Each structure stands twice: as C-alpha cells, then as structure tokens.
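Multiple structures are listed underneath, in structure tokens.
The two complexes that follow have chain A in common; it is paired with chain B in the first and with chain C in the second.
Then we have the complex of A and B:
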C-alpha cells in the first residue's frame, strides 16, 4: 500500500531513555554459551550497553516524564496539540488505552483525540502515517506521537535470543502542517500469516497468564524462557527482513522518482548491527549513510529505534538543516514500512534520561 | 578448503567437523554460530554473503558451504 503526503513536517523530537544501563559483559553468564562464543557474538551483533527500566516502570511513566520536560522547557504548550497517539506493544493496561492514562495524569484538555496503536518495530512509520492522516482535519493543529516500549519486562534474562539486544525507551515526535509542498512518499505491507515469528504467547485472552505460563522452558539452543516472555524466531525474522526490505525500498524510491544515491541518510529500525550491514550490502548503501549504532548504546527498543538513531546521530545537524532521509521499520505483525521525506530543520531534537 | 575446517573449529572448538554431514541437526552450530560463521567467511574471503542466502541448508556440511562460497566466486 502506497501513501503520498505533502505540507507536513516533524517539528520536534525528544527521546527518553532510562538512566539505568546494563552491560552485555556483565550479563554473559546468564546465557547458555561459553564466554568466547558470546564475545564473538558481541562483536558481530553489536551487543554492548542497553538501557533497561529500573523496577516496574510503565510506558505512561516515560511518556509523562518526557511531556512534562517539553512543557517545562517551553518546547510544547499543554493546549497546543489536538491528538495524542501512543504506539506500544507494552501498554500499561489492557484497558483503558495508555494514551488516555497519559491524558489523565497530565490533566490535558478533553478536546483531544487519544488513540493507542499496538505496533512494534514498524511503529514509528505507522505512527507517522496515522499522524499525517489526522492532520488532514483542520481541527487538528499538531499531533503528539509517542512511541514507547518497556519490553525488557517481558523478556527472559536467560534468553540469549532476545535479552542482550532489548532496550526500553520512548520518543515524542511533534507533527504539524507546513508550507513545504515537497512530497512525502511512504509504503506499508503486512503479513499476519507470520504473526507468530514475534510473539508473547501468554498474557492475553487466548492464553491467560498462570503459574504454568510463568515456568521457564528450554529451547533447542538452550535458551530459557516462559510463555509469558517475548519469543522471537530469529532465523525467520532475519530472513523476512532480508527478503522483504530491499524490494520495499526499491519500490519507494521508484515511486518517488529518485535513487539511493540521492538519499542522505537511511534511518532504519535497529535490530542488530549484522542485520543492518547485510541490508546495506544488498542495497549497496555505504555504511556511513546507514547508522547502525543504536543497539550498542541503548538496545533495541522496537518502535523507538528510528527516533533514537536520529537523535543520537543527527541531532545537531537536524535542528539547522534539512536532509533527505529514507526511514524503514520492520518487525512484529509481520509489518514492514518505509518513508522518504525531508527531515529538519526541527525546532528541537534531544535526548533526556528517565530517573 | 582446509580453511573452512579451521574457521568452523575456531567457532566451536569442542566439535570435529569432519565427522558430521549435518552440523545444525547434530547440534554443532546454532543460529548464532551461523551468524558468526557468515561474518568470518565474509572477512576471510572478502565477500558479503547476502542475507537471503543465510539459510540452514547452506550451512549443513562442508559440501554445502563450498557450494555457497562458489556462488560468491570462492573456488575450492
């Protein structure tokens, strides 16, 4: 499915990461592998530091902390926005929506469109598309898009498949109309037949959590995880990304009538360094145009990795100038989406630590 | 390709890779070992094995690995 927008801009971006930092070197003993093999994996995948919430921190905690920062710094007025979107796979509750929880905690106006979207690694793209659609309504002046996840709370610490790379984080993106007629191209595909490649099997109504679902089970590679934990079929996800993403980017660039050479930054979801290097090689994109350093500094925070890639690598530049960027997200669903747009100049682009 | 045995043994020194025709089925390589192996082959032979070729059947035994490397111009 293709989308085209214009007269839209990302006015500001704030990333919120937990101050609590874990190290792969400290965690290696938890995994069913000798130190030498873990060290090789560290080098290839880029595992190093990752940010993990300390205690029972929820998505609304990170989001309210970030929004309060924007209100106090004057970057955003409490009544300046008319829609609040929250994209997360780890909501505070089944019900009510986390967006309503945030609205209530911050005492935001009643005349506010609050909506949760259950999406993960493609969640920044989904959130941008929804926000741009909302901005077609004259009554919506600005959209606050929150991407946030605290999935470390759902990952087994003894699962080498997932725990070394998981990260918790949130981002707040401010979207508004602009005078710029430059087209924004996007595309989106989904395949629910492969939905079990990334899944938390228990905890919903299909398989409610129970003492049985909390029992750690050993998989064929010696990882220990419960049905209450996130389960990733790493081989299936890797192949999905390598097969689906390059042609999706080709289609996006063709629709926009441009080439990869014209793109200044490929800001992709950050699952691990190896996967991104293989994508870059296939697409013949120089590594310096595709940041791959989010996992080693913060971990993989699903829908927040693209905002983190922007803030970590481009914040100084993006508040001063505009760059042609190709964004791509891919993961749970399975879902894959990309967008070509001019990023910047933004009013702010910064990162804060949640304590 | 004696190098292949050396690369494999460097990744999993506890196994003798001359005795198996199914490294993955016999538990000698897991999915992360395959990732490490691809990285080592890329470096050793100056190639980049494409992501779509990182399938278990290409890493099953020495013959499968040789066939994969030949695709990237590495001759036995």
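Then we have the complex of A and C:
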C-alpha cells in the first residue's frame, strides 16, 4: 500500500550505542567452523566490530539515557512533545509498554500518547509512518520516535549465523510539522505467511520459556542455539530481500515521478555488506550512494540501522543541507517498506555512547 | 555452461568444477558458499533459487539444468 504525506520533517536525530565493543576476531573461537571459513564469512559479510550491551541493559535504559542527554543539552524540552513511540522487539516487559516505563522513569507529563510497536528491521519506516499520522492532530506538536533493540541478549553466542552481526543500539528521532509542501512518498507491504523466517520461537505464550527451551541444539552447520534464542533463516531472508525490495523501490520512485539518479542517498536497513552489495547491483545503484558500513562498525541493530547509517555517514552534511534520500527497511514480519523524502537540515544529528 | 562451472569454481575456491562433481563433497560447500551461489545465479541468470531448491540438487550439472529450466519458465 502507498502513503503520501507533506509538511513533515525530521527535526533531529540522536543515536545511542553501548560503549562495549566486541570483535569478530575474538569471537571466532566460539563458533563450530573452520577458521578459514570464518575469515571468509568476515570478508564477504563485512563483519568486524559490533556494539553489545554489557550486562542486563534494557531498551528503557538506552532510551532514558538518550532522552536525558537531549533534555540536558537543550535539544528537546521535556514538555515539548505529545507522543512517545517505542519501536522494539526486545521490550522491558510483556506488560506494561516500554513507552510507559520510559514516561514514568523520566516523570513526563500525563498528556502524552505512549505507544509500543512490535517491529524489527522495517521499524524505522513503520515508526516514521505512524509519527506522520499522529502529526495530523493539532494537539500533537512533536513526536518522539524511539527505535531500540538489545537483541544480543536473545542471540546464542555460539550461533555463527546470527551472533557476528547482531548489535544493540537505540535512536531518538524528533518529528514535527514543517512549511514544506513537497510530497513525501512511502509504501509498505507485509507477508505473515513467512513470519518464521525471523523468529524467537520460545518465551511468548505459544511456547513459554522452560528448562527445555533453554537447551542448546545443534543445527546442520554446527551452530548451537536454543528455542529461547533468535533464529534466522539467512537464505530465505536473502531471497526475500532480493526478490521484494527492488520492485518496491521502483514503485516508490514511479509514484514520486522520479528516478534513481535523482536520489542522493539510499539509506537502507543494514543486514550485512553482502546483501546490500547485491541489492545495489540489482538496482544499478552506485555503491557510493548506498552506505553499507553499519554492520562492520556497530552490528545490525534491527530498526536502528537506518538512523545509524545517517548519523555515521551524513551527520555533518545533514545539519547544514537537505538531501533527497530513499529509505528502505525489510525483515521481521515479513515486512518491507520504503520512503522518499528530503532529510535535513536537522537541528542536530549526533551519536553518544551508553556506559 | 563452461562459464557457469567457472563461476562455481571461483565460489568453491577450486581450479575447476566438472558436471559430475557433487556439491556437498567440496570442502568449501557451506551456507556461505550456498548463498554466494544463489546470488551468482540471480545476478547472471536472473533466476531466484531457494535453499529448498538447492537442497534437492546433488551435482553441478543438475544445478545448471535447474537454472536453465527455471529461466525458461
């Protein structure tokens, strides 16, 4: 389905990454695979360093740390926003919503629309679409959109399929109305029949966690993971992305009446370097227009990778000028979504470390 | 066909791949090389194979036959 918006802007962006950094070279010994193949994997996928929370850090910890930073630096007033959206797959609790936990911890006002959204790799796009919809209401002056995940806590350290790429992070995006009448185009598709391609099988009510679900099981490649852990069917996800994403971008550009050449930056979810190179090849987009370096620096933090791609690669430019960007997220659900919009000039675009 | 075997040899890091060679018998055959093969077939032939498609295949020539068959559809 297609969406169009106007008079909306991303006013600011803050990324929060854990200070704790792991390296693939140190972790190789945990995997049941020949060293040569692990090094090949590192080279092809672009695995290197990734940020992992140190200890039982939760989404609300990263989010409160980031919001306090914005309050203290004067980038955001405590009472200046009327909606707080949290997009996560690793909430503090089943209930209450993590957005309410954050509201309470920071003592925010009662006139606040708090909402959690369970979404993953397309979570930044879903969050933007929801935020833009909320801004239809005059009583909503600004929306604070928090994307955050600490999925390292749900990935087996002995799973070479997922652990080398996982990263923890949060981002806070401030959305507000603007004077710009230029249309913002977006589209979104979902396919729940493929929902098991990315899944944490146990821990919900379908299969509650128990001593049995904590037992590590070996897959055909020697990876050890439990039913409590995140499980990714890497080949199925790769196929999904290569088949569904290029036509989605074609449709988006056609709806906007523009071409790929006019787009200055393709800011896509960052699963790994390999998948992004193949996407760029297929779409005939030059690599320099599509950042692919998030996984090697921070890991794949689900819905936070697009904000990280922006802050890591474009922060200096984006506080000064406007960039025509094509955003795309794809993953858990399965969900795939894209948006074409002018990013910047933002009031701030920065990264801080959580310690 | 020669070009296809050449690309397979590159991915499997061997000098040569013959039609009768069984994919699973190569030391470099794992999920990473399988993914590389799927990506190569997509890029070169515009055919999207799934992991299930690949699991049903034993030799290099049967893989090539599957690609040609899917391309024809």
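Definition applied: the second predicted complex is superposed on the first by the 355 of 355 C-alpha atoms of A that agree within 3 Å, B and C clash if a C-alpha of one lies under 4 Å from a C-alpha of the other, contacts with A are read in each partner's own complex, and residues count from 1 in each chain.
Methods note: contacts are C-beta pairs under 8 Å (C-beta built on N, C-alpha and C of every residue); 3 or more make two chains touch, one makes a residue touch a chain.
Quantities reported herein were computed from a predicted structural model and do not represent experimental measurements.
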> Given the superposition on chain A, are chain B and chain C in a clash or a fit?
Replying inline: clash
>> Counting residues of chain A touched by each partner, does chain B or chain C come out ahead?
In response: B
> Which partner does A:221 reach: the first (chain B), the second (chain C), both, or neither?
Replying inline: both
> Is A:243 contacted by the first partner chain B, the second partner chain C, both or neither?
Replying inline: both
>> With both complexes overlaid on chain A, does A:40 touch chain B (first), chain C (second), both or neither?
In response: both
>> For A:253 in the superposed arrangement: first (chain B), second (chain C), both or neither?
In response: neither
>> So in the superposed three-chain picture, is A:281 touching just chain B, just chain C, both, or none of them (first/second/both/neither)?
In response: both
> Which residues of chain A are in contact with chain B in one complex and with chain C in the other?
Replying inline: 33, 37, 40-41, 44, 161, 221, 234-235, 238-239, 242-243, 274, 278, 281-282
>> For the complex, give me every residue of chain B touching chain A.
In response: 11-12, 30-33, 35-36, 38-39, 48, 50-52, 54-56
>> Applying the document's contact rule, which stretches of chain A touch chain C when the two form their complex?
In response: 33, 37, 40-41, 44, 161, 221, 233-236, 238-239, 242-243, 274, 278, 281-282
> Considering the complex alone, what residue numbers of chain C touch chain A?
Replying inline: 28, 30-32, 34-36, 38-39, 42-43, 48-51, 54
> Contact residues on chain A for chain B in the complex?
Replying inline: 33, 37, 40-41, 43-45, 160-161, 220-221, 234-235, 238-239, 241-243, 274-275, 278-279, 281-282
